[in-house]
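Each chain carries a letter (A, B, C and D) given by its place in the written order, and its residues are counted from 1.
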Amino acid sequence: MGSIPTMNDSITPTITLVVSCPDKTGIVAAVANYISELGGSLMESNHHTDSRDRWFFMRNVIDTSTMSVSVDVFEKDFMPIADEFQMNWHVRDNASRQKVILLASKASHCLTDLLYRWKAGELLCDIPCVISNHENLRSMVEWHGIPFHHIPVPKNDKSEAFAKTAEVISRHGADCIVLARYMQILPPDLCEEYRGRVINIHHSFLPSFIGADPYQKAYDRGVKLIGATSHYVTEDLDEGPIIEQDVIRVSHSCDRADMVRLGRDVERAVLSRGVLYHLQDRVIIHGNKTVVFS
Amino acid sequence: MGSIPTMNDSITPTITLVVSCPDKTGIVAAVANYISELGGSLMESNHHTDSRDRWFFMRNVIDTSTMSVSVDVFEKDFMPIADEFQMNWHVRDNASRQKVILLASKASHCLTDLLYRWKAGELLCDIPCVISNHENLRSMVEWHGIPFHHIPVPKNDKSEAFAKTAEVISRHGADCIVLARYMQILPPDLCEEYRGRVINIHHSFLPSFIGADPYQKAYDRGVKLIGATSHYVTEDLDEGPIIEQDVIRVSHSCDRADMVRLGRDVERAVLSRGVLYHLQDRVIIHGNKTVVFS
Amino acid sequence: MGSIPTMNDSITPTITLVVSCPDKTGIVAAVANYISELGGSLMESNHHTDSRDRWFFMRNVIDTSTMSVSVDVFEKDFMPIADEFQMNWHVRDNASRQKVILLASKASHCLTDLLYRWKAGELLCDIPCVISNHENLRSMVEWHGIPFHHIPVPKNDKSEAFAKTAEVISRHGADCIVLARYMQILPPDLCEEYRGRVINIHHSFLPSFIGADPYQKAYDRGVKLIGATSHYVTEDLDEGPIIEQDVIRVSHSCDRADMVRLGRDVERAVLSRGVLYHLQDRVIIHGNKTVVFS
Amino acid sequence: MGSIPTMNDSITPTITLVVSCPDKTGIVAAVANYISELGGSLMESNHHTDSRDRWFFMRNVIDTSTMSVSVDVFEKDFMPIADEFQMNWHVRDNASRQKVILLASKASHCLTDLLYRWKAGELLCDIPCVISNHENLRSMVEWHGIPFHHIPVPKNDKSEAFAKTAEVISRHGADCIVLARYMQILPPDLCEEYRGRVINIHHSFLPSFIGADPYQKAYDRGVKLIGATSHYVTEDLDEGPIIEQDVIRVSHSCDRADMVRLGRDVERAVLSRGVLYHLQDRVIIHGNKTVVFS
């Protein structure tokens, strides 16, 4: 059983303010005062203090229907407070939608689940296109009304393919990239450019079974649960900050093929939850870990 | 975490023999001898003895590649054993596929999941058509290459609609009917004709919240988990034999709409598992309960 | 998998401030200002707005080591703010420990688990005594250094027994009463006197199987999961506000005795979590439901 | 949610027959015939075929109340069948109880849970003694009526301590040794002598976080679930055949101490289930993996 984020899908106009900064007395008071004085109303508020690092994290969803100023003015006038507390922060107008580009390979389960949730209104975002190194999912993607780009990635020289991929992503102005079982290692410059905005699904309970064919490794080790992990991509493969994980029970009667099949259900659930948390600004990266206000 | 059935999707020719009968010494020996003497090989075997009712249940998956007789002869020659032990039994040739007709209403989540699993090869069956009382899912169904019948069910007089539904089902020769959030109560004669072969999903953890709008009832009661139940349809609404159930955690921050959204994930998982178990002959109905060899 | 409360068991002096009141702009700002101006530091803060009832809930754990006033002064000076916002509120000094009286019958599993967690330092409270209508758990309780009162409850006339029970509870000045499978219905006046402070464990996933012998009912209905519910006791049996619930999988091979055995593990976990949440002031009762900041 | 073994704790006299051998047509028939001809009745029967290794596994619980011969004769006369199929096998008379010696260190949670289940009749075995390298759990163990041996294990030279430990184990004629968070690495000769009969609990979801302080490692990596693993001890630390695993959700708000506390609940559950499966002959070791008929 995973976590329980609520949806901000109502008609009420809202903004989300996300803050992390060195812990200090008075941060909550300063921010709450600022919001309250402008007539904003707190709909959802989460705090976390990392007492080891003395670091503070906060996410506020603010009803702006009674606010006396525009979002732009709210943002500009917040700067002195942000400076005073050395905040890493951003404000998102929840009326706007992030652009999410999905990268896939042959396997359909993660992509299908993301598109189903997008169509059902669970994932509030725009999907400008899907990029795949195979053709087989084209008609499924296009049935959803989403452009499909087939960019094969040859084994011997991938640079041209990745250049083209980067170009497509850049042209659409992606806010976030989701590797929905893309099965390719992105080049370092792309990882760097979209740092903290590329989400991958690894088909094991990390850090177990890093690298290739984790289900074979799980089968060989005789584990009784298999899992999946959604995480931000960094230059170190399978080592990035973990967003979400889950597991499913297997038994001696499961061979590798059974694990692959059962694992698909966990993979798609864990990736969809990870993407949902990211789009709702519930995830704050801190070093190689995440704070997830789910 | 649900159960762990393995798939019999290999090329090996197999049959499944399902038996229930009064418990008695020697049943397993008699059946195992019969299979062994014909050169059949047990690939999977499950037994259960209900010690209160003195009733015995068995499911055998048999590799027939080395069997000296055809499936027909196997079936015919098994009759004396079946008679001796007063067995309720059947044999299925796993090369053949059952015909499953899906009935849906407006909600897409259960239907989408069943069709995804069917396309992915997880649900080995034929789907001759989908019947719905609404038009909105037509293009999704037809994209899968499956005929879509729109049969509206007017509130005041449903008899004509159900007659037409029965006719479509009958024409296709359905082995099994799945109510994928159909939201209509089937007429008693249809329930009776397909007794033990109509599977419904109820959007609560039965017997909690029987009847209409279980999520509202769950919200009003303040429960901390919500669930779903797949069961065989009988004339008593929400009272039929339960095949599978599961739950998901909710909190005070979830309103009815959040529960509906979170519940969709449990509903589709529980219905898909229920249908899978049924198609693999893992479910034996006994009174108002089921034995599920998952 | 249940929820994840963190422990406030460090040496840092803290107080917990719990508030519920009509929702209004400026509550968080007013409270955070008050705390900040006195030099208090927020260690943990949870908010919830019930948008249907327009009601606001808040729990703050405050580090008082740098606070310029005593807890008493903090409490007294908070009153004007509380009045302004019509708050239902309390402050607890976490250096003090609540007095919890446990009532049990013959079954040991819930009592054993609570005492184990108390001894392990997970449940920070004082346990002045255990009251039981049977003798069999005396030596176990006394081994923990806790007085044991045997008060038999005869079937025909329970009034004297309950009078004696009330007297013992009153003499010890209990803050909270836990019915650890006590199997007796408390008289209405005791329920009323300790309203919101008597926690019971019901051995089913409420509202399923209200009343006697829920495992037999679960067996008869053929459910695939059994559960347990910890809730506050009200005059309506099994109808009080739910604090926590969980389930465990059962199968056709489980008879009533197996369910009883498996259910014990869920019961003790669900009761212990419920008591922990209560002691940490994580639970706010609102009508017949609870807000649980776990 | 773990697995669901039923208890064979009734008064009916039973034996358990466990078999593993190369897969071949006719094994089940031969065994079922043998049992049936002697008048034995199958109460529970589990099969598994490892199709990759072509190996067969079977566990039968047999009601012997109507059997025409004694258990000894049953066992002796089974030998020709066992030889024919090259079986690795044993028969256990369930009236007899295995002797289980528990080794612990300072932490009480696993030991307490095992002793609670033993006292509650869930773990049917004799516990001749508990051995610990610390004194602190003595009164708890002795309260259960079980002898307690304090054998300190000095850091610099452990050989004498382990010799004494081996002597105590040998004197009591242990069938099985359970390391209930013993925190010491047993010497190779003891591992070898009790191969397949020493059960350890590792406080991580193996193969994650092998070695010391897995909770610190889990905290540092930022995982969202922590787990525990019960496994048979081999000379390779944390590499032995896994019996059972489970996990619990953690969040960014959990520090190492929170993980230790939450982990205790998983550790005790996973160890108790592992020991239960072992005592009920539900576990068959095959290479470095296990078949668990739970």
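In the analysis below, a contact is a pair of C-beta atoms (placed from the backbone, for glycine too) under 8 Å apart; a residue touches a chain by one contact, two chains touch by 3 or more.
Keep in mind that this is a model prediction, so the values were computed, not measured.
Visitor: Sort the other chains by how far their Cα centres are from that of chain D and give me the top one.
Guide: A
Visitor: Higher C-beta contact count, A-C or A-D?
Guide: Answer by contact count: A-D.
Visitor: For chain A and chain C, what's the span in angstrom between their mean Cα positions?
Guide: One centre to the other, that is 36 Å.
Visitor: How far is the middle of chain A from the middle of chain D, if each middle is the mean of its Cα atoms, in Å?
Guide: About 41 Å separates the centre of chain A from that of chain D.
Visitor: Mind pulling the residue numbers of chain B that touch at least two other chains?
Guide: Residue numbers touching two or more other chains: 1, 44, 51, 247, 249, 251, 253, 255.
Visitor: In their shared complex, at which residues does chain B touch chain C?
Guide: For chain B paired with chain C, touching residues are 1, 3, 48, 50-52, 205-209, 221-225, 227, 241-247, 249, 251-253, 255, 288-292, 294.
Visitor: In the complex of these two chains, what residues of chain D are touching chain C?
Guide: Chain D residues touching chain C: 1-2, 4, 6-7, 44, 108-109, 112, 116, 119-120, 122, 139-140, 143, 247-251, 253-255, 257-258, 261-262, 264-265, 269.
Visitor: Going by the contact rule at the top, pick out the chain B residues touching chain D in the complex.
Guide: These residues of chain B touch chain D: 1, 25-26, 28-29, 32-33, 35-37, 39-45, 47, 49, 51, 66.
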